[in-house]
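Take a look at the structure set out below.
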Amino acid sequence: MSSIPSSVVDADSECLIGGASEAFLRRRAFWNRVAAWLLFAAAAASVLVTIGIVYVLIRDSIPFFEQVPLSEFLTDTQWTPVFKNAHFGVMTLVSATLTVAGIALAVAIPAGLGLAIFLSEYANPKLREAVKPFLELLEGVPTVVYGFFALLFLTPMLQTVIPGLSGFNLLAPGLVMGIMILPYTASVSEDAMRSVPMGLREAGYALGFSRFRVAAQVVIPAALSGITAAFILGMSRAVGETMVVAIAAGQNPNFGFNPLEGAATITAYIVQMAMGDLPHGSIAYQSVFAAGLVLFLITLLFNLIGFYLRRRFREVY
Amino acid sequence: MATSSLANAQIESARIVAVNRRADLLMASIGILVLAIATLLLASVFVGLLASGWDRLINPDFYTHFPSRHPQQAGIISAIVGSSLVMLVTAVIAIPLGVAAGLYLEEYAPKNWLTDLIEINVSNLAGVPSIIYGLLALGLFVYAFSLGETILTAGLTLALLILPVIIVATREAVRSIPLELREAAYGLGADKWQVVRMYVLPAARPGIFTGVIVGLARAIGEAAPLITIGALTFIAFLPSPPVQATPPFVNFDWLTSPFTAMPIQLFNWVSRPQAEFHVNAAATGVVLMVMTLAMNALAIYVRLRLRRLHR
Amino acid sequence: MQNPTKTRVKLLMNEMTSSQHTSGAMRQQQDVQPEPTSAPVLRAEARNLDFWYGATHILKSVSMAVVDCKVTAIIGPSGCGKSTLLRCFNRMHDLYPGNRYSGEIQLYPEDRNLIEMDPGMVRLRIGMVFQKPNPFSKSIFENVAAGLRVRGVADKRILYERVEQALSGAALWDEVKDRLHDSAYGLSGGQQQRLCIARALAPQPDILLLDEPTSALDPIATAKIEDLLTVLRNTVTVIIVTHNMQQAARISDFTAYMHLGKLVEYGVTEKVFTTPQSPMTNDYITGRFG
């Protein structure tokens, strides 16, 4: 601020502007600029992570798709990358992945929706305040622990009810995964329901609606896109979940949707390959990245739909 | 005529009230049932692990021994040390990066396409499966950067994984700071960085702390990305310690050391056919669960106290 | 250049001092020759100031002079733009998007338009006290020292000296001198507001802006703040926004009456209240409207 005429400057010869020395102000302005740039750099770095992911997945998938035609990749129903007569039908892995995720959703949708309605429309604030942290605790349990539980507790338990159930199967990890995504789906849909304006509810009550009717005919339709977003994002989590299936679903790539048999999901396959000593640059190594690319695209699709619905929902309220 | 229609109406409304009451009762019991099942599940997971792993848990050797071919002698010392060192790297990288990015998005970012891009990117990163971060690390850190299957690689990978958690927590914490505080600070003549550094950041500290703890709790239980980068499971030595008695007192050799971590150790043991190893796995599961639950509980406690303070 | 409002202001000032206009004079000169009838020295002067938030035209061609070491009150019905005008003086609006100024606020003695200056530099020279007491969640001492720290003062001795000076100036020193390092939130609402005044005074601002400083306080705390303002009179240049006409009458030397974004009347407080020029002002001060 050298343009300030000297008349402002204090009598005691030290150049002061509003009580601050000019040297200090110069230093302050310098750090102000530096900080702004550093913070921007940090935020921009997060974009580099995405770029890195896309780069790695594509770079290592390209040599794979040079050897395996896309049509075979998408239509073959066998996945035997390390066999002499190697097959690369990714739908084998996708079918198991979707089966597990489907079972998880079959648990999480009714349970999550019921819990969300209960918390948002029925529970008093005190109970709600107590339950939400509990859900967070449930969300914090490491997934390896859930995998252990699915393999060594739940499967034996289910086997007493369903005699034909294999030791490795898709049912137990699916059920456990449903419980795993329950806290997330319940709390996101509860947020959506609670952001429905009170006025809409009051309109329902004024017509003589019961709570249930208000929930079913007023709140849920109004919050539908938010609730859908919750379950799509939950589905995305189930598809990408790794340790539960790697431990409890087995590692046999079987095409099909039978929940009683074991089958390798995309994530389980990646873990299985990573455990062995993969020669860098081999087709098996590259197949891991091709499978990863498919996984990334599926979850990206779900995430984008979920974010879109959520954003649209937020714009309404 | 008029009286009978009135009576009918009364009967009808009584019927509706009864139906309504039944529906409400049903909904409330569904909610409570789901809660009860979830509680029961959490309890049974924990108690089940505790019961299966009890013998190893009460044995001090379990915490001081290296993994072994003999299940009764196997311990988790290398996993504990490995997990701790990996967390150290993760925290050192993820906290400054995440807090800085969160501050930028909340305090600095202008409204333009670049900001939109960064925001969409962060929310998308939060939904990328953890194993994809493992592939990123395998393709980039392990091979392209030749960092190998080391503590540094693992710490970096998990740091990227929890970055969105810390960014989102920072943004929420910063957003909840009242306008008056900023106005008071600006009114004193503070410039932006002074306001952020001297007022916004200290006020947001508890909220950021909560996010950091939740993020680290997630990272410490995460196995998939570490397996993907090729973490070993049989580590019968400890990395060189980060501090030493002779100058320069700190030592960074441990960064390039191979490692194992608790979730990987658990996965290894649970994947073995012998039931004796499952006991070790259960015991490791208890340790891991206690750690993550304690961290999450701490985060919840801090947030609840914070909320009470704000009221 | 010479618009009617400005001429009127000058006339009114002449009535008060019957002397010549000396804007641009140096402050020290005044200190050296403290004549009781010395000329009014201007600290700042709004000239044809317009202000918009987005598409809303809030201030309409406001011209107002701020006299050195005097208290200038801005009154008017709610929504008239009085707070908006006040917040133009330290460019508080610049914190939010959609603000647009036109016209000027000259800052004296250097005669520069503060609308064209860096907002941070403006705020270094013009302090502000807000409607609700807003101390930082720090100790009493650190609250008062905050403005000094922002200006790079780190010397403990200087800090203590200035903090004591500011707290005494805000008539709070005796009440808090034994608990300087306790949290500021332990103080009562009135004490907190005086703390905020001390915080604003500590860096010795050219002008002190007060935005309805007593609206959140009880009558006793209000009286204390008014006493304090009476003491500050003649040592600090103050602009105060108030919805309380009696308060304006009690504590100010000059009063500006605003209505619908326009400055309707401005002059020596006594005159504004006894013989208002505008019928609108008359209606307002007699309570017929507002």
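In this document, chain identifiers A, B and C correspond to the written order of the chains, with residue numbering beginning at 1 in each.
To be clear about the criterion, a contact is a pair of C-beta atoms (placed from the backbone, for glycine too) under 8 Å apart; a residue touches a chain by one contact, two chains touch by 3 or more.
In this text, all values refer to a predicted model and were calculated from it rather than measured experimentally.
The greatest number of inter-chain C-beta pairs in contact is found between A-B. Taking the mean of each chain's C-alpha atoms, the chain closest to the overall C-alpha centroid is B. A centroid comparison over C-alpha atoms places A as the chain most distant from subunit C. Subunit B and subunit C, compared by their mean Cα positions, are separated by 50 Å.
Computed centre separation for the pair subunit A/subunit B is 13 angstrom, with centres defined by C-alpha atoms.
Shown for subunit C are the residues that touch two or more other chains, namely 123-125, 147, 150-151, 203. Each of residues 18, 20, 28 in subunit A touches at least two other chains. Contacts with at least two other chains are made by residues 189, 191, 194 of subunit B.
The residues of subunit A lying in touch with subunit C in their complex are 1, 4-5, 7-8, 11, 17-21, 24-25, 27-28.
By the touch rule above, subunit B contacts subunit C in their complex via residues 111, 180-191, 194, 198-199, 203.
Those residues of subunit C lying in contact with subunit A across their complex are 26, 28, 109-110, 112, 118, 121, 123-125, 147-148, 150-153, 203-206. The residues of subunit C lying in touch with subunit B in their complex are 90, 92, 95, 97, 120, 123-125, 127-128, 130, 132, 134-137, 146-147, 149-151, 196, 199-200, 203. The touching residues of subunit A, counted against subunit B in their complex, run 18, 20, 28-29, 31-32, 35-36, 38-47, 49-50, 52-53, 55-57, 59-60, 111, 114-115, 117-119, 121-123, 131, 133-138, 140-149, 151-153, 179, 182-183, 208, 210-213, 215, 233, 236-237, 239-243, 246-247, 267, 270-271, 274-275, 280, 288-289, 292, 295-296, 299-300, 302-304, 306-307.
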